[in-house]
Amino acid sequence: MILDGKAPTGPIETAWDRYRFETKLVNPANKRKYKILMVGTGLAGGAGAATLGELGYNVESFCYQDSPRRAHSIAAQGGINAAKNYPNDADSIRRLFYDTVKGGDFRSREADVWRLSQVSNNIIDQCVAQGVPFARDYAGYLDTRSFGGAQVSRTFYARGQTGQQLLLGAYSALSRQIKAGTVKMHTRREMLDLVVVDGVARGITVRNLVTGEVESHWGDAVCLATGGYINVFYLSTNAMGCSVTANWKAVKKGAYFANPCYTQIHPTCIPVAGEYQSKLTLMSESLRNDGRIWVPKKAGDKRPANEIPEDERDYYLETKYPAFGNLVPRDVASRNAKQMTDANRGVGASGLAVYLDYRDAIGRVGENTIKERYGNLFDMYEKITDDNAYKQPMRIYPAPHYCMGGLWVDYNLQSNVPGLFVLGEANFSVHGANRLGASALMQGLSDGYFVIPYTIGGYLQTVIPGEVKTDHPAFKESIAQVEEQSKKLLSINGKRTVLEFHRDLGKILWDNVGMARSKESLNKALQEIPQLREEFWKNVKVTGSGNELNQQLENAGRVADFLEFAEVLTLDALNREESCGGHFRVESQTAEGEAMRDDENFTYAAAWEYKGEGKAPELHKEPLKFENIHLAQRSYK
Amino acid sequence: MDLTLHVWRQKGPKDTGKLETYKVTGVDSDQSFLEMLDVLNEDLIKANKEPVVFDHDCREGICGMCSQVINGRPHGPHEETTVCQLHMRRFKDGDEIFVEPWRAKAFPIIKDLIVDRSALEKIMQAGGYVSCRTGGTPDANTHPIGKPIADYAMDAAECIGCGACVAGCPNSSAMLYTSAKVAQLAVQPQGKVEAKARVKNMTDAMQAEGFGNCTNHLECQASCPKGISVKFIAKLNREYLKTIAG
Amino acid sequence: MHLLQSTVGRKILMAVTGLLLVGFITMHLLGNLSVFAGPDGINAYAEHLHSLGPLVWVFRLIMLVLFVVHITLGIQLSLENRTATPTNYAIKNRLKTTFSSESMLYTGLILLAFLIYHLLHFTVQITNPELSANHLPLDAAMRPDVFTMVVLSFQKVFISLVYIVGMIALFLHLTHGLSSFVQTFGWNNGPSQEKVTLGSKLVAVGFLLAYVAIPVFVLAHFVKI
């Protein structure tokens, strides 16, 4: 089936304005009659719930943590983009739009990206009004820094905790609505099923993580803002609780999963230390503003960094990409790091790392300025590695970080299932095959504050409020289903723990579906994943019971979903016989080893439909048209 | 290294819990404290025992989920470090380590090391915000804010809402947590408008939720993984005095 | 009224009353030190005080209110703090809390006890009538002989001990109390914290030495009739 993105036609500059004028409005008096379920309280969900509540809708919000403020958006460090052009360096909505489409390697929907660029400025205004303490210059005006994939300085930041501050801003707006009674907050609830009645999303089923009780909730619309699935790699920069579960359950109820193979491996993370490692920590991309990345020229050079003379150091990004240097996009930076370590030129005990060096920057602007800019990141690095990065270069290595893929949505952020909307990292919309730094925060807040409040109205005014409620048999069914799965997991009582299975799955994906993917490696993964899944259902051990707080059971459910989802991810990677953005097929590269797209055959979004256990998912395509930017081979040289 | 853990085990809110002793061996000094507990849990599961449950999520010191009192110190012995960022190199072979949950009337224990911190939410909901509507806001550069003020606000805003200040305070007062938000908003022009109502409502909420009163023990700052300064409590007091001045 | 219910409001009342009480004990100390000037010192002072007539009672009333407010709030806050902290940790490991800050209620109560004794002793003069100014002959200048009363009293080791204990309680109470009210009034910009803590220690020590000097010097016969 050919999918329709429902993007407005005509001049892109005015598309969003025209859309807003043309979509029918919900009568203010009726708004409170509509109940909207918002799953997720990150930037997207938090901002969305707060804004919808403020508009007068009756909102119920869910998250698995004990507070909405703990959503993983909190961990974002570097910054958020906006086309304010405050530095007067020739930035504009069009340039942000251009950079984002190009950065995404021409695999995103133009109209959505333009809208994002357009509202980016309102986001900064909104956050400042909330009291978000952005970095400022001595004159008291907002400061910006540069990020990968852009030649203008458009990234606003709050020390090394931009995501935290933006989320706390959204959280404060949410708290205000909770107080006002327009939003009802359900914390420590995990969504374990989507309730669909006659093809329309009508509610969700959640597990109360404290009591174990399985509850269902009805809503006139369901919004998923449940974040990314990159934890499918086990080791990633995401939080331990991040999962694909909410999205995957929706897929099993008919929603399409788009571009699952578009995963982002972040170039600057702290390398793995040992077997017990439970997560990887990101060192913000902003570090590449002043840090210089290098490896020894000689293979197998084990001398400590400061004993390696200048002329024996290879600042490979600067030599290879003079124009962007250390600020090339993430996919490029990561792939080059891998090439170095593959060539046995990696550093550190494991040899799986490259240097990020501040010596020259400190020489240039002094240690204090560097402290000012990155102090907390250097501290974090020292806490974890026990090394002082002011004295010796940081060791960094790429790590799974973000996923561009997500549930397929149209211009309204509505999935193919009517009544199911998807916001933030959970959808696939704007980043194409690679996300530029500081653009995910922008997307989350744009979706939450400025897009969903308009688009959801267009849908709601077509439905009768409260038409289907929890007394409908579909809800009982759903609850039964969820309880069934818990029982099953608890009954297996095998030999291996959930964590061991997750670790194995991660290894399969990292080795075969990681930074460089080939037909062989992908087929290998497609063999191993089902085997692992089979073993999981025979041999997993989950202690405790279902009607109590049981973290083993929570994780088991998440890993079970990863085990199914990983296969679709790999299939998508196999299907896409081109290299684009975060997806690199060794079969498809230029003479210099750069990613090579195949626009002829792959200028489309791949949306996968679940066909039931043991059945191959069906591929649906949304052709991508580029009318405002002409397709070009991406170059950062 | 080999360690002896004394971990608080409590089946549920009603259960009177107790400290259980566990031996962990071959701990790597590069492991984080939580990774050490992960290993313990793997062993417990394999031995058909209930693993220890504890709150955690980001494991990089920013979400505020992790919450353990280690040897009497909220978030453990290393200053300005959350449990998830606490590494085993801070301990030495043969150490005895006591692991307990936050203890305060306002934080009822749910299970083992997990407590219910929703009382902190209520404080925020009482006024931890600027009441601006989405959309109707001026350009971000309309009001210049001096760098010193912006930095001061940021210092306060770093609070991760973990509750260690309460766990450390001899009075179980949430004053540091509350003051951090009051101060962050009070110094910025956007927040000044509602400053008086905010300080009243938030401190009243703190009291209503069963937290203690601040008698300036200053223990909270020493317990805070972000080193939030008690100068913000002084700031809160100043803001409160303004409300009396009318 | 909000002030009397609010957690911060009551703190501020504690601080204000506490501070005024500090003001009193400062005046009182200066007055008392006049024992070292012999009968003509303190007797004149006492005479002068009593000559104020009704004013004395106004003053006493204010003092009473201060004490009542300070004490009731102090006890109230402390009890609330106790209920807020039902269980202790297996290992107590505090970095900033001091003995003085943790014992405010107790040092306060000791002070209260001391006060009651003190008033019965010197003001109402029923604990040791035999050496109370009311029974003693008027001094050379025909004034109540407070000086003799004080000296005779402190020659009794027991009485001196009671006072010394009271003074130590006061010292501990003020060590935290003084720095505490600075914080309560919001005078803390971060760096000043250390200085304030040190400062209040010094002041508290000052009060201790000055007050204790009186019984000690009497015991040591530096001051005699």
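Lettered A, B and C in written order, each chain numbered from 1.
One rule holds for everything that comes next: a contact is a pair of C-beta atoms (placed from the backbone, for glycine too) under 8 Å apart; a residue touches a chain by one contact, two chains touch by 3 or more.
All figures in this text were calculated on a predicted structure; none of them were measured in a lab.
Visitor: Tell me the shape of the graph of touching chains, choosing from line, ring, star, complete and other.
Guide: Chain contacts: open path, no cycle.
Visitor: Identify the chain whose mean C-alpha position lies nearest to the mean of all protein C-alpha atoms shown.
Guide: Of all chains shown, the one whose C-alpha centre lies nearest the global C-alpha mean is B.
Visitor: Need the most distant chain from chain A, centre defined as the mean of C-alpha atoms.
Guide: With centres defined by C-alpha atoms, farthest from chain A sits C.
Visitor: Counting in whole Å, what is the centre-to-centre distance of chain A and chain B, each centre being its mean C-alpha position?
Guide: Centre separation, chain A to chain B: 27 Å.
Visitor: Compute the distance, rounded to whole Å, between the mean C-alpha positions of chain A and chain C.
Guide: Going by mean C-alpha positions, chain A sits 64 Å from chain C.
Visitor: Calculate how many whole Å lie between the centre of chain B and the centre of chain C, each centre taken as the average of the chain's C-alpha atoms.
Guide: 38
Visitor: With touch defined as at the start, can you tell me which chain B residues reach chain A in the complex?
Guide: So the residues of chain B touching chain A come out as 12, 28, 30-32, 34-36, 38-39, 42, 45-46, 48-51, 53, 55-65, 81, 85, 87, 89, 110-111, 114, 116-118, 120-121, 124-126, 128-135, 137-141, 144-147, 150-151, 153-154, 157-158, 160-161, 184-185, 188, 190-191.
Visitor: Applying the document's contact rule, which stretches of chain B touch chain C when the two form their complex?
Guide: Contact set of chain B toward chain C: 6, 19, 69, 71-73, 98, 100, 103-106, 168, 170-173, 199-200, 203-204, 206-207, 210-219, 221-222, 229-231, 233-238, 240-241, 244.
Visitor: Applying the document's contact rule, which stretches of chain C touch chain B when the two form their complex?
Guide: Against chain B, the touching part of chain C is residues 2-3, 6-12, 77-78, 80-81, 83-97, 101-102, 104, 176, 179-180, 183-190, 193.
Visitor: Looking at the complex, which residues from chain A come into contact with chain B?
Guide: For chain A paired with chain B, touching residues are 47, 50-51, 54, 65-67, 69-70, 72, 74-75, 84, 86, 122, 124-142, 158-159, 161, 164-165, 168, 171-173, 175-176, 178-179, 185, 187, 210, 239-241, 273-274, 276-279, 281-282, 380, 383-384, 386, 449-450, 453, 497, 499-500, 541, 543-544, 548-552.
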